[in-house]
Amino acid sequence: MDIKVNVRESNGQRPCSVVDLNGEIDVYTSPKVKETITGLIDSGHYALVINLENVRYIDSTGLGVLIGGLKRVREHSGAVNLVCTNPQIKKIFDITGLVKIFGIYDTEAQACENL
Amino acid sequence: MDIKVNVRESNGQRPCSVVDLNGEIDVYTSPKVKETITGLIDSGHYALVINLENVRYIDSTGLGVLIGGLKRVREHSGAVNLVCTNPQIKKIFDITGLVKIFGIYDTEAQACENL
Amino acid sequence: MRESLILETTTGGGNVVELRIPSKAEWVGVARLAVAGIASRLQFSIEDIEDLKLAVAEACTNCIQHATGGESVSITCQIYPDKIKVTVEDSGSATASDLAPKRLGEPTVGGLGVFLIRSLMDDVEYELNPESGTKLTMTKFLRT
Amino acid sequence: MRESLILETTTGGGNVVELRIPSKAEWVGVARLAVAGIASRLQFSIEDIEDLKLAVAEACTNCIQHATGGESVSITCQIYPDKIKVTVEDSGSATASDLAPKRLGEPTVGGLGVFLIRSLMDDVEYELNPESGTKLTMTKFLRT
């Protein structure tokens, strides 16, 4: 029922910041995720990959944090791509139409390349 | 919260019947375990190894089924050995003093050899 | 409620599991776990269990975030041979307009919870009562 | 009960999580899951969480197997900064002698449940009431 958050820089062809999330993102844990993403943006990181590969659960609060992050980086012509393979979580992005506003990729390499 | 039960014959130096249990043994699932063990004994199998390696949880009902099995095979000069590596489950056998009446081994090979 | 349940079900009488958590974010995970346990006992598929978990969690989250003055959230699961009916109740106040079925427009930071509940469950009904709080009843059928 | 709790706790007021399951074997697993969720929220160690799960499950099992006439089992978890107090109650009848602390003699097929509860929890108290059923209150302290 908890979330682990880790941030690192990816030094591939297109440099970006990668946020690794591990666990469950809900009303209790999403403030921690929000804080991390806000911190990154405030310190000038506008190319973000959020890795949801190890996320087993996300609720609307978590989706709200991702949408909020996307809006803020867009103000700086930035972008957010997601890494997600879990079918249940993909389904939530489908149902809510968020597939249309996020780039969702199977691997981190793809998510970084397509930023 | 469920249990999977599988029975097979071990054809090592000392032939015995191995009962593989996978899941949780509690008041709801232990009748299924009891049925299997009773069936084996009724059909003349008195050398039993019960493999608890994939058991994540056992309650007093489950312990009662194991004790009941041991009592019945002893009437036929048989024996029951257990395979168990989970520290929490070992602790339960310790607390209840059942370590003294069951042979508890780390591997199936050991449990069979020492029957 | 229990009596009408017994009348409605045919096999084995009515089953009700009740849970009450404090109206705080940290307890929603416990409701999720309990509902997942109940649903897996009922042989719901993994996908349906995840749907139920999310719908119930969204309902609890709304009670915690929006029901002014509510101290606890009650989750009642009524179990039928062919379905589960989950009631999520708070004792805070609400306004009706926000709870109506919606189509999603521009994605916003909020506003997805009720939409998800309506999408994931087979039947959803809100009862607003200014005095006694909001009561959400949602049903999911076992697919055979 | 909630009031005395608020008086007793110092940080953040009292937290109570309540669960009620039908008095049937199939629902004990749900109680176990919920208690595990609560205990992990409270930062109990994995070993202590397993102890709590087993003690609560044994208590529920006894209500289901021995409380004649009980229809449901209530599990109430009161959360304090330094401990969890779990009450398991049924509405059936019981006799006092069976519930007394015992030393284990020859292993028997039954009789381990109450012994395990007393071994795994820090404080255990039974209240028998011929009219209202058996009430078991057990406490486990957070080890720091």
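Per-chain numbering from 1; labels A, B, C and D assigned in written order.
One rule holds for everything that comes next: contacts are C-beta pairs under 8 Å (C-beta built on N, C-alpha and C of every residue); 3 or more make two chains touch, one makes a residue touch a chain.
Small disclaimer: the values here were computed from a predicted structure and weren't measured.
Novice: Is the number of contacting C-beta pairs greater for B-D or for B-C?
Specialist: B-D
Novice: For subunit C and subunit D, what's the span in angstrom between their mean Cα positions?
Specialist: Taking the average C-alpha coordinate of subunit C and of subunit D, the gap between them is 27 Å.
Novice: Quick one: report the Å distance separating subunit A from subunit B, using the average Cα coordinate of each chain.
Specialist: Result: the chain centres lie 47 Å from each other.
Novice: If you average the Cα atoms of subunit B and of subunit C to get two centres, how far apart are those centres in Å?
Specialist: Taking the mean C-alpha position of each chain, the two centres sit 41 Å apart.
Novice: Could you pull out the residues of subunit A that touch at least 2 other chains?
Specialist: 1
Novice: Could you list which residues of subunit C touch at least two other chains?
Specialist: 26, 29-30, 33, 37, 41
Novice: Specify the contact topology among the chains shown, as one of line, ring, star, complete or other.
Specialist: Other.
Novice: Chain pairs in touch?
Specialist: Taking the chains two at a time, the touching pairs are A-C, A-D, B-C, B-D, C-D.
Novice: Can you name the residues of subunit B that touch subunit D in the complex?
Specialist: Touch list, subunit B to subunit D: 1, 24, 26-28, 57, 59-61, 63-64, 67-68, 71, 87-88, 91-92, 95-98, 101.
Novice: Please give the residue numbers of subunit C that touch subunit A in the complex, ascending.
Specialist: Touching subunit A: residues 25-26, 28-30, 32-33, 47, 50, 53-54, 57-58, 61, 64-65, 104, 107-110, 112-113, 115-116, 119-120 of subunit C.
Novice: Quick one: in the complex, what on subunit D touches subunit C?
Specialist: 15-22, 24, 26-27, 29-30, 33-34, 36-38, 41, 72
Novice: Show which residues of subunit B lie in contact with subunit C when the two form their complex.
Specialist: Its residues touching subunit C are 1.
Novice: Which residues of subunit C touch subunit B once you look at their complex with the stated criterion?
Specialist: Those residues of subunit C that touch subunit B are 37, 40-41.
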